[in-house]
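Heads up, the next two complexes both have subunit A, just with different partners, subunit B and then subunit C.
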Partner chain A sequence: MAKYIPLVWAGLWRKPARTIFTFCSIAVAFVLFGIMSGVDAGFAHILEVSRADRLFTDPRFGAPMPISFGERIARVPGVTAVAPRWGMVTYYRDPKNGMGVIGTDERFYATRPELSISKQQLETLRHTRTGAAVGVFLAKKYGWKVGDKVPLQSNTVTREGSRAWTFDIVAIVEDVDNPGLEGRFVANYEYLDEERVANKGMADRFILRIDQPNRAAQISREIDKLFANSASPTRTQSEKSQRESGVQAIGDVSFFTKSVIGAVLFMLLVLTGNTMMQSVRERIPEFAVLKTLGFSDKGVLGLVLAESVVLCALAALLGLTVAKAAIPLLQASFPDLPKFIDMPWAAILTGFGVALLVAFASGLVPALRVKRLNVVDALAGR
Partner chain B sequence: MTAAVTLTNVSKRYRRGKENIEVLHGLNLAVESGEFLALMGPSGSGKTTVLNLIGGLDHPDAGEVTVAGDRLDNLRSGQLTKWRARHVGFIFQFYNLMPMLSAERNVELPLLLTRLSKSERKKNVRVALDVVGLSDRAAHKPSELSGGQQQRVAIARAIVADPTILLCDEPTGDLDRHTAEEILGILKLLNERQGKTVIMVTHDPKAAEYASRRVQVDKGQLSDETGTA
Partner chain C sequence: MNVLKQLRAVTLMGLRNIPSRLGASLVVVICMACVVGVVISILSMSTGFMRTVHNTGRSDRAIVLSQGALFPFASSISRDNAMTIADAPGIKRTSDGKPIVSADAMAFVAVSKKSDGLDAFVLLRGIGPQGFALKPEIKLIGGRMFKAAAHELIVGKSAQAEFEGFAVGNKVALPDGDWTVTGSFESNGSAQESEMIADSATLLSAMRTNAYKSMSVMLDSPASFDAFKTALTSNPMLAVDVSRETDFFARQSKPLNDFLTLTAYVVGGIMGLGAMFGALNTMYSAVSARTVEIATLRAIGFGAGAVVSSVFAEALLLAFVGSLIGAALAWFAFNGNLHAVGGLVFTLAVTPSLIALGIAFACALGFVGGLFPAIRAARLPVATALRAT
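Moving on to the complex of A and B:
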């Protein structure tokens, strides 16, 4: 087979400009294909790692909830852990470096077992009023390490009337579900609550673990019933259902990405098919000569298909490589979002499969034309 | 001498639009092995059709075509393709080289269909290019060669697989007199020194003088025959 490569290559370079333009178009299409597949896989990953045994109790109408709600929630049968949360909007050095600080306590890590923090680090965090456990992503981004003192600016005013909050980093935390992407800045609730002026003793969310995921809806109803007539009615739902409704709120992501991929593939098919058809039409006398020399019908069919396959496969290789390289950059552009884009090797293999399919589909008609070529008519220019 | 080519009562019709054109009717021709035959005649007389039938590019509607001991009219398309690769070398008026391939790659094309190794193919290509005096132009593409040089590459391609018969369709039709004589000289040499059977279609009486026998084709039949052998 290797001996035919120069012939295939020569066919491709018969019209270099056309080949280069087609190659670039296919490569760009596969960049788009890769990124769309990445978004599709990323959202699937978000739903896959979201847990049905983790519930969030949020204020139904926006008003913060008293911290005492936590004790009542903990008494609901099936609830195994409850952590209060207060989120504070801050930035580091420059307003462009925005980040949310979570004020909570060690129970937070009982509700989020995917975060790797040691008992010793928890102990240190508990005993360090200004302590903070930061995600690996943030630590890497800002070059933080354990022992560093980090000043953050916030809209939340301190008792001294300052907007500067200082934290001591006591742990750097990894998320085993999303390695390298953990971007939380977790501080002590007590510190935030004591230092702030407004909303003292309030939480903006309670994070819960339950013992049976299949009872999530029932437990959620029981919790919300507890506070239905309070000043702060609640709305409780599992992380899974919250993310599902969040994804649905964006729109049917899967339908959207698949539609774009479908349109890209259709465009590719037409583009490559047209190029191959044109290329073959211009070379009819050359194929006639090959047949005259003894190349079989199947042989010339194979040559045309090989040209199509080489063109599509090389362009897909480039396009998918660019997409693979671009995905971490896209993810890094949205550090506050969970891993929303992903490109597993399976997606790359699918991309190659699609490239081969496009190559065969677009090369088949011209290849069949060459296969059925009447040598006598073609040599006579008819 | 044995017959390299025998055409017996061969008829051939073509359909052009609604018209049925009988190009050959009851044509008989025998070409001895090692002969250099010139097929002459006016345009549309059926010369190229005869060449196509001998080369296994076309099937007769009636009659028998025997070439190199094989009844071509009984062979199917796939068998004819293999047969062509083994027995026939074609030389065309407009050279019909692959423009993107170098001279040596063009000459190598028929050898791609054989089981020869890369080094054997390379060796055979060099010999063929030596025969036509173009070894120093092996790496050049057709666009970098003159018409005569391109036709020499085409001849090298035709002989590289050592075929029994060389079929030439107006091989000098696109060349000036001097270059045409060089090409015809090579064909004559191949016929005399290597014993190749050469059948050449030509309009040119001067080109036909290189042949050992000349036959006229007119209205689908042989009308006249002269020989110098």
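Moving on to the complex of A and C:
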């Protein structure tokens, strides 16, 4: 087999311009293929790491809920942890550096076990009224270290009538499900609630964990029933179903990526198919000579297919490599989003599979033509 | 022979020869169709979205939110403040002297989409007594108007089309029990058509709250905005942000619009690059297939310009035809489709300017694809080329 490689290679480079242009087209198409499957995999990852055993109790009609709801929710059978939350919109130094401050307490970490925080850090957070645990992403972005004092501007007015809030960083937290991307700014609910003037004693969400994920729907219903006739009816949902709706709300991501991939592959098939047809048409007499020299029908068929495969595989390799390298850059340009592009090795394998399919599909017709070639007619130029 | 005549003759000759190179020519057409189809489809989303946003804001209306609130739902305006704002200068008044303003109360209702059953949130906006004078574009198209004191509401036609349970006569679960849908409205294609409307006082009492979310006012004229804004921001009793409606909605819609446009350009740019290489390939092979023909033309006195233009004409024509096919496909597949992002429903729009953009993009790719082959055609050494068979 190996001795035919120079023959295949020479066939490819018969018209260098054509091969190079086709090669570039295929490579470019696989860059897009890689990025699109990356987006697909990224959204799949978001759903995959979202948990069915974590529920969110939100206000049904948007009015905040009294913090006392938390105790009643905790008494519902199956609920193992409840944390109140109040989100405050702030920015650091420049309004462009917007960030949400989460006012909650240590129970928050019981509902989010994927966040790494030590017992000691929790203890410090509890004893530091103005303490805050920030995600690694934020810490890196703004160069914060444990012990730093961070002034934030907020839309929430303090008792002194100011909009400036100061926090002391006591811990830097990593999310094992999304390494390097944890971007929460977690502060003490007590501090926020004591300092603010409006919405005192209110929470905008309760985060809870339950013991059995398959009872999520039932527990949600029980909780909502508790508050159905209160001033602020609730709506409880698992993180998983909320994320599913959320991903859908951006638009049908998988329909979009699949359509683009479909269009690109179609384009690719046409391009490569044309190149192979042209190349074979020009070399009919050469193939006739090969057959005269004793190459079998299957042998020449193999030669043409091998050319097609080598061209597609090498181009796909380049394209997928570029995509793999470009993905961290793309992800970095949308720092506020969770890991929405993610290219697992499986996607690269799929890409190679697709490249082989394209190679066979576009090489088959010309290869069959060469296989059926009648030597006498071809040499006579008929 | 004059230059124009030469151009015409050679260009037509080249074009008439396309059928003999049909396979390679189709490659350019198909590639351009794919690129333009994808780009226009993505952009039809942002065009439709921006059209809806554009229909929503008027430059002679202003929206008031509490200071620092980025969107109405994060805002809170007390009844006292609402009265102060209504007395500010620059506000248009009705014939009987009432200021045309509306202090809005808001609630969100979780609904499911008809298409896939997934959750979305629809806004119920409680409007004041002058609410319809403020928004004259709202027209009842079915059923009857809600009664102010009753638990009744009307629903926008986009919301009605996209979400479950909004038929006239249906009950909607809201604070303080079920509310009846008494009618439906249209609003000149604005974002309002994705909302529900009820009476603000009734909604406030049902939600057991005292504060409005936002306040909208009709100005005497677009020019009175500055006077109105200054009056509010210089009043120490108020802590509010004032925006012209057009600016406000432009700001609100920017992130999504930017995202869609960026996606279209990234995807279109990458696909376009691929298609450009395809075009280069085709045009080089076209030139090499016409080597003898081109050399003959040069030998009998045709200029290099004529030859170059015939190659360009071919590349541009193929790209143009491809882009038309792509635009037509996008138009048939998506134009007029309803699409919901969150609770906002809008119609995908393949507009003439979008089609023009697609054609221009394809022609630009065709131009580059034709450029180098055209240069080669012009430089063919006549004597050697004539001997090449």
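Here are some notes:
One rule holds in what follows: the second predicted complex is superposed on the first by the 374 of 382 C-alpha atoms of A that agree within 3 Å, B and C clash if a C-alpha of one lies under 4 Å from a C-alpha of the other, contacts with A are read in each partner's own complex, and residues count from 1 in each chain.
Here is the rule we use: a residue touches a chain if its C-beta (ideal position, glycine included) is under 8 Å from a C-beta of that chain, and two chains touch if they have at least 3 such contacts.
This is a predicted model, so every value here is computed, not measured.
Once the complexes are laid over each other on subunit A, subunit B and subunit C both fit without any clash. When the two complexes are overlaid on their common chain A, residue A:Leu364 makes contact with neither subunit B nor subunit C. When the shared chain is aligned, subunit B comes close enough to touch A:Leu7, but subunit C does not. Of the two partner chains placed by the overlay, neither subunit B nor subunit C lies in contact with A:Leu318. Look at A:Val146: by the touch rule set out above, it reaches neither subunit B nor subunit C. When the shared chain is aligned, no partner comes close enough to touch A:Ala52: not subunit B, not subunit C. In the superposed model, A:Phe295 lies in contact with subunit B only, and not with subunit C. When subunit A is checked against subunit B and against subunit C, the one touching more of its residues turns out to be C. Closest CA pair between subunit B and subunit C after superposition: 12 Å apart. Every residue of subunit A that touches subunit C in the complex is listed here, in rising order: 17-18, 21-22, 24-26, 28-29, 31-32, 35, 60-63, 89, 154-157, 163, 198, 231, 233, 235, 241-242, 244-245, 248-251, 256, 259-260, 263-264, 266-268, 270-271, 274-275, 277-278. Taken together, the subunit C residues at the contact with subunit A in this complex read 23-24, 26-27, 30-31, 34-35, 37-38, 41-42, 45, 67-70, 73-74, 76, 106-110, 116, 118-120, 174-175, 207-209, 239, 267, 270-271, 273-275, 277-278, 280-282, 284-285, 339-342. Those residues of subunit A that touch subunit B in the shared complex are 3-4, 6-7, 10-11, 13-14, 285-286, 289-297, 299, 375-376, 379-380. Subunit B meets subunit A in the complex at residues 48, 52, 55, 57-58, 77-78, 81-82, 84-86, 90, 92, 96, 98-101, 105, 109-110, 112-113, 118, 121, 157.
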